[in-house]
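Read through the structures below before going on.
Each of the two complexes below includes subunit A, the first together with subunit B, the second together with subunit C.
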Partner chain A sequence: MSDFTRRLPVYLLLDTSGSMSGDPIEAVKQGVKALISELRGDPQALETAYLSVITFNSQARQVTPLTELMLFKEPQISAGGATAFGAALSLLADCIRNEVRKSTETQKGDWKPLVFILTDGAPTDDWRSAAEELKATHPANIIACAAGAYADTTVLKELTECVLMMNNLSAGDLAQFFTWVSSSIKMSSKSLDAKPGANIELPPPPQGFVIVP
Partner chain B sequence: MSDNTENNVPLTDGEVTAHTASMWRYTPVPEAPEPFPEYKELCEKYSDYSVTAARVRGKKHKHDGSNCDDWFEAAEIGGWIVAAVSDGAGSKRFSRIGAKAACTSFVNEVRDNFLAAGQTDGLSEKLSLSLDSPDFISACTKLTEIMQTAFIHASEAVEREFENRKGNPEFTSDGEMKLSDFACTLVTCSVIPLDNGEQLSIAIQAGDGMVCSVSTDEPYGSALTLLGIPDSGDFSGETEFLTSAKMHTPAAVQSRTKLRRSKRSAVMLMSDGVADDYFPNSPKMLNLYLDLMMNGIIPKPSGKPSTEIIPDIQPNSWVNDKDVSYAIAYSEGTAEKSGISMEKLWDMKAYLPDPPESEGSLSGLSGNPAEKLCRWLDVYLKRGSFDDRTLMVILPEKAGDANG
Partner chain C sequence: MADKLAEATLASGKRIPYVITDNPPRGGMKYTYFAPDKSYVVQFFNDPEDAADPNIQSRIEAIISRYNPTLPESKGGAKGNDERIAAYFAGRFCWPTGIVVDPEFGIVCPTYPKSFFFDESSSPVINLKGKDKKSNWFTSKNRRYLAPHELGDLRSMMQMSLLLARSIRRLHQAGLAHSDLSNNNVLIDPKTGNCVVIDIDSLVVPGLYPPEVAGTRGYIAPEVLESLNLDMNDPNRISPSSYTDLHALGVLIYEYLFLRHPLIGPKIYDMDSAENDDYLALGSKATFIENPDDTSNRPKDLYVTIKDLGPILEKLFLRTFVDGLHNPEYRPTAMEWERGLVKTWDLLHHCSNPSCEQKWFVLYDSSVTKCPYCGHRIAEKEIVRLKLKQEIRGHEGQWRDYAEVDVVNNTPLFKWHFQSSVFPDEKADKTLQAYICRHNGEWFLINRNADGLMSPEGNSVPSGQAIKLYDGAVFRMYRGERGLLAEISITKVR
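Take a look at the complex of A and B:
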């Protein structure tokens, strides 16, 4: 890893609670695989994007630290337990603090991180203070996706303006979500010099996905 | 892919760029709307300075088949040089149009007003007076005001380009057009040779990029003066633009103005596509200067190459035609290979190796330095560097010469 290259840090926050077990978690694993393979075909993504995976069920865990695309290995993911969304947000804030480089006199900082959250339920822990901190400090551009009938979009709306909803947890919809994530990463790495505070540009969401107003 | 992927050893930048080299596509500039040329070069010798400049379309634009968003302009008025470089915001559709309008408007207005001021006021003599002389100060103030006014007018010129295209279906077919679609930076400098053998440099910068002066007879620690003040936020890429509302007040332009009276020295202006590759700009603008000398783009002081210096030469492929590669010399790699510091390499610049002469080197191009500069900008390799690249080098021609 170079000390001088400006990286585009990308964090995937994946819900691995009990309700994701079975087909949904398998679809998520396939999705991560497809995402990596897609990004590895893009020279710009290969030179800039770094990927980390944080999973949350009864606890939150960074299963892959921020890693160069060429070295990224798909993490072992399994589903079971509750939905410690607040713990995941706190962990995300810690990871960004520790892993993302800010600009200094002698170093060009990383690009502003991109965070994709996928959840199918409602938090089972205290999430509000972690969400408030993220919203106040705005250390990343956060895109949240509520998957299936039981996902709580109002919680996600507390965290970010950018909330998507997919109506069911089908393998097809999850695959589409990851395809969209990869297009978003590619598009972001192209519009990296967007103005401060300006909304990042994302591709239109896949069919069947609704932008939560 | 490298074996390193198996055991999580971090990859070197060279390993990553070697892997991506063949993946970068070449797609021509799109035909509409308002296509801009792929390349732009300038090579002029005037009485006191030579101006060499080139602009190349970045790899990401070549890959996607989009336009180059950089522009530059330069003019000479009785030995005085006026220069501007602009970088259109990468994600904005018509920023190239803004960039060209900003440079053209600025350079034309300053040229006209310098011409008028120079003829009427005998400014040249006053500018050579001692730094605390009222006549010197008033002459400086006059020139600075001309540039600052032109700088604000450049922003208005960008707005006019936007207004002129309103309602034109060629520009609105993809959706509503906004002023921010024309957003661009502006890096400017006037270089004025003085009767006493010195020079006055006046620079104004909005947004990223860089303008600096280089005194080659000074040591590494003091040879460089940054004349630009780039705006930057916490994270990379958080830049301001000429068109930002807060740029339009005289106070804002004043705070972005720098004056310097010095010995005759080289002045370089560039877009962030080059400046970011030499970060931190102080002192790495000097590494850029060494790279230009090592690749035969600007002359090095005469001296016999030293065997102590082992050049780092990399074959870098050309995105436009991947069967073609050029032997490019790198100063930082050279210092590393030779086991010497950049300070030492700078001191030894008269003894640098001659530019690569082998087949497929820049030396094979015509003698025109702008052509060499253009190709060098097009092929030198750095990981994560795929933006448009523009560089203008203003070199003293006479006694007191930086290249002595």
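Take a look at the complex of A and C:
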């Protein structure tokens, strides 16, 4: 029989600016790897989640288009350059427009995408208009994580209500972040349901992470 | 952080060790730590308010004692439960065995048996070792990632369906309701045809404050989903009950037997919002994909249908997903499912195509000439049926159809094939009574242990002796009260 399962598009927006180089970027790579392996072991996530990775430094680039988990190949990621956060947000909006399926009379549209943003600094480009547009049109549920002492949480708050902060950019904290992302995706793929319009449910953040009010 | 050994104190005063790990497995309500030897788990609540809730505490106390079918009455379990029945249901449920009072309120559960965990050979493409066997590995497109030896066949899927129906019947018989039956809360092992019901702590217990769970997407009854936006205390809000369990039970059985969801089809209910479309598709507008009167949600490529499982199960599915979909009181009970599955079990016929994936199909009458799964024609030259009839009460000598058995060489017969008062449930005597075999082209019923078996000529057939069977032979399976009448039919396959 044909498959009528709806897809859950997941976008990872990863900061790969110069300040991420060294251990942090290696931890991010390991994190993506662990995320994929973890999600492949969860039947609901495997059935519904599709993943894309967008990186941003001096430019923004979609390094992996929206791909089903079993076909996902780890992207080549390296750090260096500035923090073109605005460009990343515009690219995200484009990708959602192009990749996320809308319902038609004959095809089931995708679930509202989940977006996880990880950044360790402040934008170096004009980000305000792109953020405002995303906040106004709300094409996705966005969860942003400010990593380390230099991340600008006020910028992230302009974009989404859901902002997390981790105090340092250690490999351990980054690993925990990706574990939490995987739990969030698993939880979302299970509880895609119920009351339309209700807030998405996320697991409690890992120890040492705080929710920015 | 490395794993850390900790100790929990139970309500009984006993102290037991467990291992604190980072990122423990987390469900909607609780998170789990394992015993050092993994023989049991200790579970705590995600929300400290739940852990402190006296309603939750008293519910769990009732569940582990006077409502516990996995504990004999003599040890404080359910009334009337003996050692044998308790042992039987201990294999069917992962029932909590104790209450943790320190470091905080929690429960202790046995770990489920090894067969409900994948091993390294379970999938050639994903490392699934140690993951539990949630049913949507087997009933969704995820199937394609599993090794063939994990997948089971129609017979093992039917056995699981039967065991699940029996487990739910046992809960309902005690007035309990599971309230969150779903693909996550029933683990299955299609390879051996076994299943186990888990997450027993959110049961609805008669007279006690009900759990605040709504259920899981795809298994929540439409009436519960529709009223989910109402306040907890709104009288129009519909809470989980045995009726809503019966919706989830039907969905699970349908998924096991057809490997697809009964309500998720091509129909679009809302083009603008996926979330609202889904809400309608599983709630107020839910439409069975095989609804005979409304084909708006019917997939174009539906090849095997409820008709292929024979009229007994077809009717049960129609009652669940057509009559009862929006009218809970029309849903068949778990006992009706149990009985319907037992009767259909006797009609399973082995497909002679060695590469048939389902290996078995339901040969419900002589109109079936080929396997519905692979299209292979029936290879046998003749179909032999044992048709059992029950005497109509108060009308001596008048009989009505009771059950049928598809007979092949060495078909075993049990007490429930002899007397209508015996039902093949957990209490039934499973001693072989007789069997039917083929010898030199002729069919015989060999009596091994049955009392009161009569020949077509009306003579007693003691154990050790046989009845020669022929088309049209009629005889009593049991001479005493509520004994069944047998009629043999042998038809040539066209």
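Descriptive notes on the structure:
Just so it is clear, the second predicted complex is superposed on the first by the 206 of 213 C-alpha atoms of A that agree within 3 Å, B and C clash if a C-alpha of one lies under 4 Å from a C-alpha of the other, contacts with A are read in each partner's own complex, and residues count from 1 in each chain.
What we mean here is this: contacts are C-beta pairs under 8 Å (C-beta built on N, C-alpha and C of every residue); 3 or more make two chains touch, one makes a residue touch a chain.
Since this is a predicted model, take the numbers as computed values, not measurements.
Superposition note: with subunit A as the common reference, subunit B and subunit C are in steric clash. Of the two partner chains, subunit C is the only one that A:Pro204 touches; subunit B does not reach it.
Looking at the shared chain after the overlay, A:Ser183 reaches subunit C, while subunit B stays out of its contact range.
After overlaying the two complexes on the shared chain, residue contacts for A:Leu71 are found with subunit B alone; subunit C is out of touch. In the superposition on chain A, contact of A:Ser37 is made with subunit C only, not with subunit B.
Legend: residue contacts after superposition of the two complexes on their common chain; A:Asn57 is shown touching neither subunit B nor subunit C.
The superposed model puts subunit B in the path of subunit C at one of 134-142, 386-394 or 476-484, which is 134-142. Common to the subunit B and subunit C contact sets on subunit A are residues 1-2, 4-6, 41, 43-44, 46-47, 70, 102-103, 105-112, 190-196.
Every residue of subunit C that touches subunit A in the complex is listed here, in rising order: 23, 26, 28, 46, 125-128, 131, 134, 136-137, 140-142, 145, 183-184, 214, 216-217, 220, 225, 228-229, 260, 264-266, 268, 270-279, 282, 299-303. For subunit A in complex with subunit B, the residues that touch the partner chain are 1-2, 4-7, 41-44, 46-48, 68, 70-71, 102-103, 105-112, 190-196, 201.
Here subunit B touches subunit A in the complex through residues 1-2, 4-5, 8, 10-13, 16-17, 19-20, 23-24, 59-60, 63-64, 89-91, 180, 183, 232-239, 241, 244, 276, 279-280, 383-384, 386, going by the rule given at the top. Remark: subunit A residues 1-6, 37, 40-41, 43-44, 46-47, 70, 102-112, 179, 183, 190-197, 203-204, 206 touch subunit C in the complex.
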